[in-house]
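Consider the two complexes below, in which subunit A is the common component and subunit B and subunit C are the respective partners.
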Partner chain A sequence: MTTMIGLFASLVDGLLVGSVYGLAAMGISLIWGVMDVINLTHGAMIVAGMFSLYLLVDTLGVPVYLTLPPIFIGGLIVGIALYWIAVHHMIGQPPLMSLLSTFAVNLVLIGLGTAKWGTVLFNVPVSLPGASIGRYTFPGTHIAAALLTAAIAFLLYLFLFHTRPGKAVRAVSGNREAAELVGIPTTRMLAFAFGLGVALACVSGMLIGTLFPFTVLSGDAYQLKSFVVTVLGGLGNPAGALIGGIAIGLFEGLTAPFIPVNWTLVFEFVLFVVVLIAFPGGLLSLRLPRRAG
Partner chain B sequence: MKRFCVIALGVASGAILIASPAFAEDTITIGMTLSKTGSLNVDSVAEYKGSELWRDQVNKAGGIKIGNKHYMVKFVDYDDQSQGSRVQQLYTRLIVQDHAQFLFSPYSSGLTATAAVITEQYGKIMLDGGGAEGKIFELGNKYLFQCITAADHYLTGAIDALKEKTETASIAFVYSDDPFSKAVVAAARKQAAAAGFKEAMIESYPPSTTDFSPIINKIISSGADVFMGGGHYPDGATLARQLYDQRVKLKQTTILVAPDSPKFKSLGDASLDVTVPSQWEPAVTYKPDFGPTPKEFAKAYEDAFHTGVDYHAASGYIEGLLLQHAIEQAESIDAEKVAAQLNKMDVSTFFGKYKVATGAKDHGLQEAHQMVLAQWQKKNGELKLEMVWPDAAKTSDFVFAQR
Partner chain C sequence: MLDAGTILRRPFFWIVAAIIAAFAITPSIGQNVELREDLLLAAVYITLASNLNLILGYAGYVNFGSIVFFGLGGYFTVYFVSVLRWNLVAASLVGGIAVSVLAFVFGLGILRLRGAYFALATIGVNEAVQAFVTNFGPWGGGTGIYLSTELFMPLGGPAKALWIIYYALVGIMGLSLYLSFFIKISKFGLGLLAISGNEDAAAILGVPTPRYKAMVYCISAFLPAIAGGLYFFKSAFIQPSDAFDLNLSTEAIVTAMLGGQGTVIGPALGAYLYEELRGWLLTSDTFANFQLVISGALLLVIVLFAPGGLMGWLYRQWPTLKKVLE
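Moving on, here comes the complex of A and B:
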């Protein structure tokens, strides 16, 4: 009985944390879908979200969950700036160019962060009542993060499918030349989409910051996980990324009681390779229309 | 006049040339790497600061004295980025290009093992204040000397303290998959079994783990009432927070390394009652044969760096203090003579005792130094790291109760 409850608890934990993985991956997926750029500043932006949370809460005394809107807006602005600095000139170039460009920016940002804060651990204590089943407790922060992730994913869906700028982003993603012909300012839309992807990364960092302590180097692990999630959900498909994240979380929850956690990462990457070979469009094969050529 | 100037210049140049070797002889160059970046940054930098304090104090006092000569201490150091491959390159560079006469170890067992390969190859003495794993000393090294308690004894105090509280306990061993943590837990499992405790579970995790929920659910399922493990700083602190958030009912939570950092209390109530085996704490009452008392060292460190002192800083200082003592006793900077002194020394310092094994099987392994067990407790509403074991060193009673 304890084992069954334990398995159930693991699955619920997997679902809760997996949804946050999904949110982190949505940013990377959106950017890839719109402009074929693998954004390697993703990890640094997740960390930026974590540190913004810390600074806003610790220095300015902003309530933890009220930091979400300013962090989203800040991420959007930083993302648009990053687009002009590191990405714009690489659009249309081989993917390796933007990969190297964003990787270089990532190194600079992490280097600056390490110089400023070292790899000292930061913690944002959040007190929220959780839920318990028997001896197993689901912290309130995990539940809140999952609910906020669901809300953000829904708002993103509304934005992309039911607003003019959102439709413009999707149009640029589908066929940039055609979008230009109908008067959509494609370059501005690319910059905006990149900003949106970065904002999602920052917000996921903020939510992760409410769950676990973090350092300047914490982004790497989530960036790696985001790649696995993105491939599972389908490259360029933000909704798929969310479902991919939940799938990874559930996979971790399901396997944890039966195999040493040391092996979880190995199995995840086996899954990664299998999906790449067998389902290159992702498990759901639900992709945003990609631009021609 | 022109001729006079040329002659004067020539004489001055000659004087500088003659004087230069004498100046070089009056400096002792000590090489080391530290992890300014990467995952080991926090503990490594603290250790380096400890070494820096020793260097500055020695130089301020006129240097290391050998007979009538005074040797000023010079450091050459590089950032190893917490990576073994960098350590291999940089220790070679320190010896070959920078002509370091003595070396201090990098932080962590993995990096120290890598550095030792190089220092032994060149017959250079390395004081080890950052590598606790005992295996490094089973390789026939002749010039490596451990200043800290070996990993095999890290959790001895935690198990002894537990034994004083209960005869029956069920322990969950959860540890980082790195050489140091593996060695600590391997030895602790044997000690726990010998003490008659039950092993509820044993599991390792990758050092990069950020979410411990799956492991914590396993701990709950195992029915453990004592937790022992962790690894280094980020994972240990995350474990502590998640054990608290998920309200795991433990009577004793002993985590390696992380809780010793003054920064650990930023976890708030999650740090309460967590114990940490510590190489040294400012409140210890050791009577030194030479060098500062524990209180003097702690004050000097806090005055110099305006930050709390921990055992990593103390282990950095002790590397220098022991080397200085060995050089002064040997009255030489010759590696063989200094090594002979380091082999012979049986001393007590602010850091505790020092005496290393001299047999071929485990040469350089620390035999005399002892750990203490510290616990985060609330005193007058403020979190404080108190020593709870052994009795001779304790500043507060060990809290053994379900959180």
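Moving on, here comes the complex of A and C:
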């Protein structure tokens, strides 16, 4: 029996989880916006975040939420390395080429991952007191994940709009040649931006790891969700990605009580294709001026 | 235009005929079942790569989800045979047509997207279809459909049926190669290559781009659908995770690019070499799980350093090869 409160609880939970989807999507959106590259290693990086969480907590006994900073920094470094391996060569070429090269790297990483860990399910048990309203409890992990996401999104905003390197990154995404002309080392900025996008993916993986069990192959599903979210919010618009994530979370919360879980996937992909066709600039572009490309 | 005289005079026509003959005859000598299974898989890979090449190599549109045609063809055929009790020929043909019609419908939606957006949308189509089929009761949902051995009786029993299906698949492979060849030397193919070069310029110069794109998308669905029907009938079992396995789609892209997209023999060569490599990797102890890693590494090397693939390299060494090996 679905009551109004039950629906509301479902929606709120959807909002919490959706914000983490948004965080995952921000990584893709940032990279796309800055350098016109669609990063298909995103899924592998989410998995990397999940497994880093597991390894740090299980073998080193690091408290769960303290793994966030090292995972972020690790992601940054790996991202910069990935940039030089697969992406640098492809800047300026059609986005399709970088799509293929990042896809290739993704294959290699997932292949290595399955060789090492198979398709075994991993779980990181996190016990955190939740918040209750009547009969409905919001898991503490969901609340923590949403709060951390909000914090990270806010920090990202501060970085991009109120620090010199952040403004440099935005300058490069606006007009690379002009940025070079005013003395910004654009290649280094591109590598850094890519690293940032990957770091966001890793951290979102870590947060998802606190919420749900995972395997080496889980990254794929979240990567696809990230694409739906990114497209909804508009490629290149990290704020839009966060809003898109929340929208998807709300959508899942709304439909979960009524429709078996598997059908939501079908709806999301149909939504994905429809938005790609009807609103290539994302839903937010309906109000704001359209970005070129 | 295409006329019998011109075609028969081109050496490549006979090269393809020789390939088909080789595939058909070599396992038949001594009824070598192991070789047949190996070549059957190779024929499937070649079919997938060649048909993908029509849209990838000729028109320049990357179809990440090309496996959806294979899987849907498999499902239609298996369903027609097991539930409606049709014979295999009718089932696979109607399946092929049904999938082409579906391709047309999908195409209406996604073909107006360009480049990377189109590529992403094709992944979306494959995943959506897989999610739908997993929930679709009449097609067995997540567990899939099993075929009982009695369904192999009209073909003369399971052992004989496997041979018949093998020859049929070799035939489909041959048709794929000829289709690729004929399109390449036709006006349609020229239009596709123009689209790949610069779609807007092609449109301005009079190439009917939306129509050509829709046509090639549908055509590239037909033979893989039939191949899927035959393949899954032979396996006597189909389930969504096998039918819509994105890894196979990926391998089709890797093999088409490895051999040389945009040529006829390239994808076939790439597919054959890759399938042999993969077979070897799977049986080798150290590398059993590594085929994805190898695919990925190969794709990366090709994309970074040799986008023309094997044939691109061969053409540069021996330019006269272009006239013989298309």
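Points to keep in mind about this one:
Note that in this section the second predicted complex is superposed on the first by the 283 of 293 C-alpha atoms of A that agree within 3 Å, B and C clash if a C-alpha of one lies under 4 Å from a C-alpha of the other, contacts with A are read in each partner's own complex, and residues count from 1 in each chain.
Here is the rule we go by: a contact is a pair of C-beta atoms (placed from the backbone, for glycine too) under 8 Å apart; a residue touches a chain by one contact, two chains touch by 3 or more.
Keep in mind that what you see is a predicted model, and the values were worked out from it rather than measured.
With subunit A as the common reference for superposition, the partners subunit B and subunit C occupy clashing space. Once chain A of one complex is fitted onto chain A of the other, the partner contacts of A:Ser101 are limited to subunit C, with no touch recorded for subunit B.
With both structures placed on the common chain, the touch criterion links A:Thr114 to subunit B and to subunit C.
Once the two complexes are laid over each other on the shared chain, residue contacts for A:Pro260 go to subunit B and to subunit C alike. In the superposed model, A:Phe227 makes contact with subunit C only, not with subunit B.
In the superposed pair of complexes, A:Pro125 makes contact with subunit B only, with no contact to subunit C.
By the document's definition of touching, of the two partners only subunit B reaches A:Glu252; subunit C does not.
Counting contacts as defined above, subunit A residues 111, 114, 260, 262, 265 meet subunit B in one complex and subunit C in the other. Chain contact summary for the complex, subunit B toward subunit A: residues 36-42, 45, 177, 203-206, 208-211, 213-215, 217-218, 220-221, 233-234, 237-238, 241-242, 245-247, 249, 258, 263, 266-270.
Taken in their complex, subunit A has these residues touching subunit B: 2-3, 6, 9-10, 13-14, 17, 111, 114, 118-123, 125, 130, 132, 135-139, 141-142, 211-213, 215, 217-218, 220-222, 252-253, 256-257, 260-262, 264-265.
Of all residues in subunit A, those touching subunit C in their complex are 38, 86, 89-90, 94-97, 99-101, 103-112, 114-115, 224, 227, 231, 260, 262-263, 265-266, 269-270, 272-274, 276-277, 280.
Of all the residues in subunit C, the ones that touch subunit A in their complex are 62, 109-110, 112-113, 115-117, 119-121, 123-125, 127-128, 131-132, 134-135, 250, 253, 257, 289-300, 303-304, 307.
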